[in-house]
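The following pair of complexes shares a single chain, subunit A, combined with subunit B in the former and subunit C in the latter.
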Partner chain A sequence: MRLTRRDRLFLFAPLAVLLTGWLGLPALLGLFATFSTYSPFATSIHFAGLSNYLSVIEDRQFGAAVRNITIFTVVAVPLELAIGFGVAYLLRRPIRGRGLLRLLLLLPWLVSPIANGVMWHFLLVGAHSILDFAGGWLAQSSIVSPIGDARLALPTIIAVEIWREAPFVAFLLLPGLLAVPAELWEHATLDGASWIEQVFTVALPSLRPLLLAITMLLVGLSLGTFDSVLILTGGGPGSASVTPALYSYNQAFVINNWPAGAASAWLIALAVLGVGLFYINLAKRSVTR
Partner chain B sequence: MSRYPARTLVIAVGVGLLAAACNASNSTSTGNFSGTTIRIVTFTGPQIAEPLQRRGPDFEKATGAKVQVITVPFSDLYQKILTDFSTKTNSYDAMVFDPQWMGDYVPSGYLEDLTNRVQNDTALQWNDIAPFFRDFSATFKGKVYTVPLDGDFQMVYYRTDLLQKDGLQPPATWDDYISIAKHFQGKDLNGDGKADFGSCWAMKRSAQSYWMFISVAAAFLQSQGTKQGSFFDTSNMQPLMNNAGTAAALDIYKQLSKLGPPDQLNNDVGDSRGLFVTGRCALSLDWGDIGPLAVDKSQSKVADQVGAVILPGSKKVLDRASGQLVDCNSTICPYAVNGVNHSPFAAFGGWSGAINKAAPAKTKDAAFAFLSYMSQPAQSSVDVTIGKTGFNPYRTSHFTNLGPWTASGMSEKAAKDYLGAIQASLQSPNMVLDMRIPQTAFYQQTALDTALAQFLAGELSANQTMAQITNQWNSKTDELGRQSQLDAYKSSLSVTK
Partner chain C sequence: MSSRRALRRRDAVVRILLLFGALVGFLLPLLWTALASFGLLPDNAARPPSLKGPITLDHFLEIGVAEPTFWQELITSTGAAACATVVAIVCSFLAAFGLARSRFAGKPLLTEGFLVLASLPAMAYVIPLSDLMRRAHLADTFIGVVLTEAAVMAPLAVYVLHGALRQLSAEWEEAAVLDGAGLFRVLSEVVLPLSAPSVAATAIVLFVLAWNLLLVPLVLTSGEIKTVPVAMMDFFTFERELDWPTAAAALVVSLVPVAILGGIFHRVLERFTLDVGHTA
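Presenting the complex of A and B:
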């Protein structure tokens, strides 16, 4: 049955209403705020041109945040994909308890980022942390928490994020791997392909569109990294782990500089939009081929 | 600030209810408010909201007024209240908030002037409230706008057993503090065979560490009484952040970052409190919270081994004319004790109740009666002994009446030690008022906090740190208007000339 134009409008209308009211309008208001001196309690509002964007871009803290998130994304996303793919690949053959394992893969993702941050904070910091116990086992007085060390704070946050995202990647990739026709695996085996050749000749080509979509999803999520950093380090020590989203939050909700908070949020949104456009372009190319 | 539950909650609640029942019948601030609902907003808590919610039904029984406590996350509280005022929504009749925000709320005319009410309410016993909280914390430009419910100021906590054993006196100066911290750093302080720490502080970025730094710096920056101020020169609004006094404070701060747990740069107050009450630190700096926590034997290993003293001071203070440190004398440091200038810092200022000026008259009366009821000694003397309330002592009677403290589980000696430090701080004419000007959050939570975090992490030198703070403060002051900011600063200090 073909949907008529009227059917499509009818089906899309509820979503359009929701998105317009709860996403579109606030986003537009935020965009207008970036060109003004707006705040909810300002007695007068003036046009500010691009000054809010300039002040954000010129702020060294924002520069540090962009540097950190670039490192974060470049390191975390490939590792999440690699680990996620590896786990999914191991689970593609029927094994006992695979259903339960698939469910367990979702657990880190289901833990809210704030709860995740609190949990890792307790695991890594303080008199009752897992590091403290480990220190006791190893007869050390204490092991320095990596999130208190400027050199290790960002790598630790990356590791915590990988812990959360990689199983989710495996969960998403597993159905794709299971959908690969059995003949393809059999042909590769008969041709004497090693497991690594099977990965490159069978698995990855079959998963390409799915991998592309997941990669874009992970990049978008990485660019917006906020909650776990807020709880774990607050952006410190120094500027070692500040991210653009945390910077935006601090501007808007700590010092009540809404235009700067909105401007930095829109810069993040532009970066995510760029990733989205890149994805659409790549996806179109895949279809054309 | 952040509070923890005390194991004596149930007993104390019972005592409180009994006291409330007795008091309600003879309070002059209660009346018949049947049919009135007081919508009072504060932060999610459970601290601060807990005593309001717990005592609301008692108040309703006594007066007929229903108390509806609305809670929002701390990060949203300032904006929620301000938005409610500015849009004239007026969905809150009263608010329990950070008195630092008076700098934004009072000049706009949003808060009810409570001057006459507090003076005419005998049950409130206004003069029992310590002079600093009465005359500075609750007051803006000479008028009273809030009823104090909490007395926040910082003190130094020390392990009495350790200092006594090694023949050491509690620190009187910051040099003493460093020396004691060095003495104990790396020694086993709780008998678990592991090396422990000389001092434990909260130094995490985007948390509460900047208040700790001000506690150090104030000893060098303010010596002539509260009205002198610690943040700006009251003649021209120039920041007091680039001089020999701040440099000395930064040096101490840096040393302390290395005389504690190795991950101290990421410790918030919850972490430093946990370390102290588990016996891993010889010294700490905190609000009044460690006192009730230390007696809670379910989590404390140092019950009855904790003493408290007024914030350490300095024998040298800043000469504002030259920007250099000079020796204390009776002219420069009129309130010095044994030649040491102490500047106890009322960090945050203590949760306080205020009333929306636009609320209906009867609701305002009921709201004031409720705030008065919460502050009256019968209620507050119990609430300040319960860690879960988040309230710390702020009345003279809170430290002269030991009964509620010993009932809470504190030994008489521990109570005397703890309250002695509170008394010394409360009675100091040189107590430091926290910043209370428009956009205080930018000055402290962004400019100061970020620069300090960068300094501790080695990203900035001391000179760069002072220059960065000064430049950012000056830029913000010029952006908002130097004269209006100066007027607000002087108003907060009740400086009339």
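Presenting the complex of A and C:
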């Protein structure tokens, strides 16, 4: 239907108010504040130029956070995509109880990140850990918890994150896989294509736009990793598993260094928006094709 | 021909084995937690280790002892997530329809922009937001939490609902307009009924997202309004070191509402698609 100006106002105003008031305005005011000495507790405010950003970038803790989150994203996102795709592919053809299977395989994603952290803490540490249980069967005396080890803390966090997100990827990919026209699969089968060839010639090309969108969501999600780290390791040992979001949170709300918290949070936003521009560019290219 | 059949049978067996493996991998940690909440704990000192313990519901009662306000928090969480979902869905549904029925130059850019916005971590803007909300006297209020959670989720909802509404044929709407229906009637009597499954599926996903949010309620409140994730973090980071069975019981309780929702509506949930705009 043709929309009049009044119609448009009615349709767009609620969202505009919500997003401006609770997202756009705070984000922009926050951006301005990072160029000053502003903090809610400050008595006087003056212009600070880039000094907040410089002090964050020079902070070793933040350097460690950037390093960790880079490794985290580069490892977690492809594995989440691969495992999620694998599960969706297994569920592609009808099987008895597929509806129930789909639901059961979505359960890890229903656990909140914070509950996930609490759960894995107890699974990995302490007298009742699943690690010691398994170790006992293999006749190992006692297994040192990986989250107290500087080299294993980050891999553990990554593994726990993959465990929670891969099911969500499968949930998002399955409808896409089911929407692939049946002829495409039939042609491939008649041509004698192996399942690997079918994945690369039929499934992945059809899913390309969807995979791009999911990748965007996953990258944003992993760049903002906060909850599970907070509980599992608190960023430790030392700064072995600290993330930029945890760093911002600690600066702003724990040690009350508001300017550093706000500035580092904007650096996260900048990274996500950068990836976003890249994504929009790729998405646009698949239109023109 | 028979070799092909054998091959196919082998494929089916491999598929079932892999599915079983995935099921074990994804559900074992949850099963372990569920068993602990009923008092079945591993005895790791025994050789070989075994699970033992009297099966009991006591640990569920202990939640209320460890965190006296837990049940209150469960209600707050449910209420906040439900209200935030409704607000986000209403705003997003209207805007997504407007977007689907408008044509302008930057539209693909704007649509994809909503996905980028949906990917933006809340951490990126929550620090100034907490300050702003305090100044607006919305900190530590139910409505403050609800509106913020709605704003966090709205971009994803717009993106998903736009994908769904874009596919609706405009014919029905045109017919209704010829009958003299205004925008409101077109929306409520034509568009909403036709898109109800997608809207419901989106609402369920948003509810799960809202239910699980930690950062937003954490920084917008200081104890007056407490959601389950915030309570769980408090339990854990402050002096009160929890017993595993009690923590496990709390975890199970916090998973139950969303699991039930998923269970009841799993047919609807299957309609949730990130229908990606740039395929068309």
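In this text, the second predicted complex is superposed on the first by the 275 of 289 C-alpha atoms of A that agree within 3 Å, B and C clash if a C-alpha of one lies under 4 Å from a C-alpha of the other, contacts with A are read in each partner's own complex, and residues count from 1 in each chain.
Going forward, a residue touches a chain if its C-beta (ideal position, glycine included) is under 8 Å from a C-beta of that chain, and two chains touch if they have at least 3 such contacts.
This is a predicted model, so every value here is computed, not measured.
Touch criterion not met for A:H46: it reaches neither subunit B nor subunit C.
By the touch criterion defined above, A:G136 reaches both subunit B and subunit C. When both complexes are overlaid on chain A, the residue A:R5 reaches neither subunit B nor subunit C.
Of the two partner chains placed by the overlay, only subunit B lies in contact with A:Q61; subunit C stays clear of it. In the superposed pair of complexes, A:R96 makes contact with neither subunit B nor subunit C. In the superposed model, A:T233 makes contact with subunit B only, not with subunit C. Shared-chain residue A:I147: touches subunit B; no touch with subunit C.
Ranked by how many residues of subunit A each touches, subunit B and subunit C are led by C. Shared-chain residue A:F253: touches subunit B and subunit C both. After overlaying the two complexes on the shared chain, residue contacts for A:V272 are found with subunit C alone; subunit B is out of touch. Within subunit A, the residues touched by subunit B in the first complex and by subunit C in the second are 40, 126-128, 135-136, 230, 253. Interface of subunit A with subunit C (complex): residues 1, 3, 7-8, 10-12, 14-16, 18-19, 21-23, 25-27, 29-30, 33, 40, 86-87, 90-91, 93, 95, 99, 101-115, 118-123, 126-130, 132-133, 135-137, 139, 163, 166-167, 171-172, 175-176, 179, 195, 209-210, 212-214, 216-217, 219-221, 223-224, 226-227, 230-231, 244-245, 248-249, 252-253, 258, 261-262, 265-266, 268-269, 272-273, 275-276, 279-280, 283-284, 286-287. By the touch rule above, subunit C contacts subunit A in their complex via residues 11, 15-16, 18-19, 22-23, 25-30, 32-33, 36, 41-42, 44, 46-49, 87-88, 90-92, 94-95, 97-98, 101-102, 108-109, 112-113, 115-129, 131-132, 134, 147-148, 150-152, 154-155, 158, 170, 173-174, 177, 183, 186, 208, 211-212, 214-215, 219, 228-229, 232-233, 235-237, 244, 247-248, 251, 254-255, 258-259, 262-263, 266-267, 269-274, 276, 278-279. The touching residues of subunit A, counted against subunit B in their complex, run 40-41, 43, 61, 125-128, 135-136, 141-142, 144-145, 147-150, 153, 230, 232-240, 246, 250, 253-257.
Those residues of subunit B that touch subunit A in the shared complex are 75-76, 78-79, 82-83, 85-87, 186, 194-196, 204-207, 261-267, 270-271, 274-275, 278, 280, 439, 441-442, 445-446, 450, 453-454, 456-459.
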